[in-house]
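We call the chains A, B, C and D, going by the order they appear; numbering starts again at 1 in every chain.
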C-alpha cells in the first residue's frame, strides 16, 4: 500500500456554489468526496487541509504555511505528495517549495482545476486522477500536472485567457 | 405530438461558470442542452430565449417583455407553456402574467433552480422534468412548479434562507 | 407533508451491473439511492420492496403479491402511490390492480425504465421525477407515467422495438 | 503536440446496454465519446478500432490481429500507445506483444475497465485518464495501468473475485 499525501490549499478545484448568495466561493473542503469516486486499492491517501482560499488572495504568510505543512509531513514520514492549489499562483507557491526543499526524496505534484469539481465540464477529477498516477512515476522534485501535461515547476506558466498551462 | 412552449428568461438555472473570471453569470442559454437528456417522444418543445439575466436585475420593462413574448406565442397558437426564470422575482413576473392574461386556455408553469443546471446537487433538471409533466395535467392558469411542489402563483413565496418555496 | 408510497417490484430500473459475471441483473434495491438526488421538501416517501425480478419472470403469484402489498398499504393509510416495475409486464400487473381495486381514493402510478438507473442515457430518474409529480395531480385510478407521457392503464401498450409506450 | 495511439480491442470498457435485449454487449466503439470529457491540449489521439469483443471470446487469431495493428502503426510512426482491452485476457495479449515486439521505442499501456464507461461506479474514465498520463512517463515496454496501479505486463494477474489486478 502506497502512502500518498494530499495537501489541500483551496483554489477553484474546491469551490462550491452558494444558493444563498448565488456566488462560488471557497468554503469547506470537498476534495475527499471526489476521491471516493476513484478506485485506489493500493493507495492510502492522507489528507491535510491547510487553507481554503482563492489563490489570488494568498499572502506570503499563507505560502509559508503551506511550506511548513509540507516540511512537517515529510519529516514525519517521507512519501509522494499532491498539493491542490488555485491555478493563478500555483507556480509561485511551487517555486517557494523548490527553493526551500532542496533534498526531496519523492515528487511533489501541484494541481488544481479551471472549473470546480462537480460543475459541468470540470477538469478537477481528471487532474486529481493524473496527479495520483504521476506521483508514482515521477522522480523527486516539484512538478505541475494538469490536462495530461507534466511540467517541472520552473518551466511553466498559466495562460489565463486559454485557461491552460504552457511551457515557458 | 403535444406542442409545449419553453420561454427562457434567465436566472440561476441557466448560469454558467466562467473560467476567465472565476464567477457564475448568465451568458448564453444552455437549457436546450439539458432537454436532450430527457426522453420526450410525444412532446415538441419550441424554445424562445427572451433574456438571460439574474432575476434580481430584471426591471419592469423586462417583465413587460416576457409578457409580450408570452402573449405573442399564445396568439399564434395556444399551447401549454413553461417559463424558466430566476427564483428571486419569479412570483413577481408570474403575478403580472396572471393579471394581464385573464383568459388562458392552457397552463403556464414557472420554474427555475436554486443551483445552475449541471452543477453538483443541481435541482434544475428535476424542475424542468416536473414542469414538463405538470403542463400536461394542470388546468389553465399561472403556476409555480419546483421541488415536487405545485403552487398557484398567488399562493407562494420564496424562503431564501432555506432555498425553497413555501405556501403563503 | 404529503405521504407518497413507493412500491418497488424490480424491473430494469433497478438492475445493476455485476463485475463478477459481466451481466446486468436484479439484486438489491437501489431506488432509494436515486431518490436522494431529488429535492422533496414536502414529500414523505415510504418505500416497500416487494420483489426484485425481471418482469418477464413474474408469475401470477408475484402479481398477486404486488396486489396484496398495495391493498395492505392503502388499508393502513390511504395515500398516492408509485409502483416501479419492469416495463414488459407493467400493463398486465396494472390491469390486475385496476380490476381488484375498484374504489381507489388516490392515484396509483406505475413506472419503470428502459435503461437501469445510473447507466448512461438512463430514463430512470426522469420517470421517477415525473411519477412523483403525477401522483400529486392525477385523479384516483391506475396510471402509467413514463417519458413525459401519462396513460390510463387500459389504454397503453409497450412497443418493444422503439423502447417506448404508445396509446392503444 | 504529443501523438498518442489508442487501439480499441473491445472488452467491458466499451460495453453498452441494449434496451431491446436487456443485456450488455460489445457493439460500436464508444471510447471516443468519453475522450471528449477530458482536456488534452497537448495530445493528438489517433484511434484505431481493431475489434469489439468480450475478451473471453478472443482467439489466438484475434490476438495476432491486435499485434499486426500495433506493429503497423509503430512502423508508420513510432509513438506511445494505449490498448483498451477486456480485463480477462489482457495479460495474455500483452505477453504476446512483449514477446513479438522486443525493440520498442515507446511504452504500450494496456488498460480496460471492470464496469463499462458511463455506468454508475465505472472505473473506465479513471483508467483512460491514468493511461494517457502513464504513456508520457513510462519507459518503453508493455505495461498494465489500472486503478492507480502500474504493472510490467509479466508481473501481474487479475483477481476476478475482487475485480482488481495484483502483482504476481
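Brief remarks on what is shown
Everything that follows uses one rule, which is that contacts are C-beta pairs under 8 Å (C-beta built on N, C-alpha and C of every residue); 3 or more make two chains touch, one makes a residue touch a chain.
No experiment lies behind these values; they were computed from the predicted model shown.
The chains in contact with subunit C as well as with subunit D do not exist; no chain meets both. The set of chains in contact with subunit A as well as subunit D is empty. When chain centres are set by their Cα atoms, the one at the greatest distance from subunit B is D. Taking each chain's centre as the average of its CA atoms, subunit B and subunit D sit 45 Å apart. Averaged C-alpha coordinates give centres for subunit A and subunit B that are 39 Å from one another. In whole angstrom, the spacing between the mean C-alpha positions of subunit B and subunit C is 28. Multi-chain contact residues, meaning those touching two or more other chains, occur in subunit D at positions 114.
Chains touching one another, given as pairs, are A-B, A-D, B-C, C-D.
Residue ranges on subunit C touching subunit D, taken from their complex, read 12, 15, 17, 19-20, 22-24, 54, 114-121, 160-161, 163.
Only residues 37-43, 114, 123, 126, 129-130, 132-134, 136-138, 145, 147-150, 162, 164 of subunit C touch subunit B when the two sit together in their complex.
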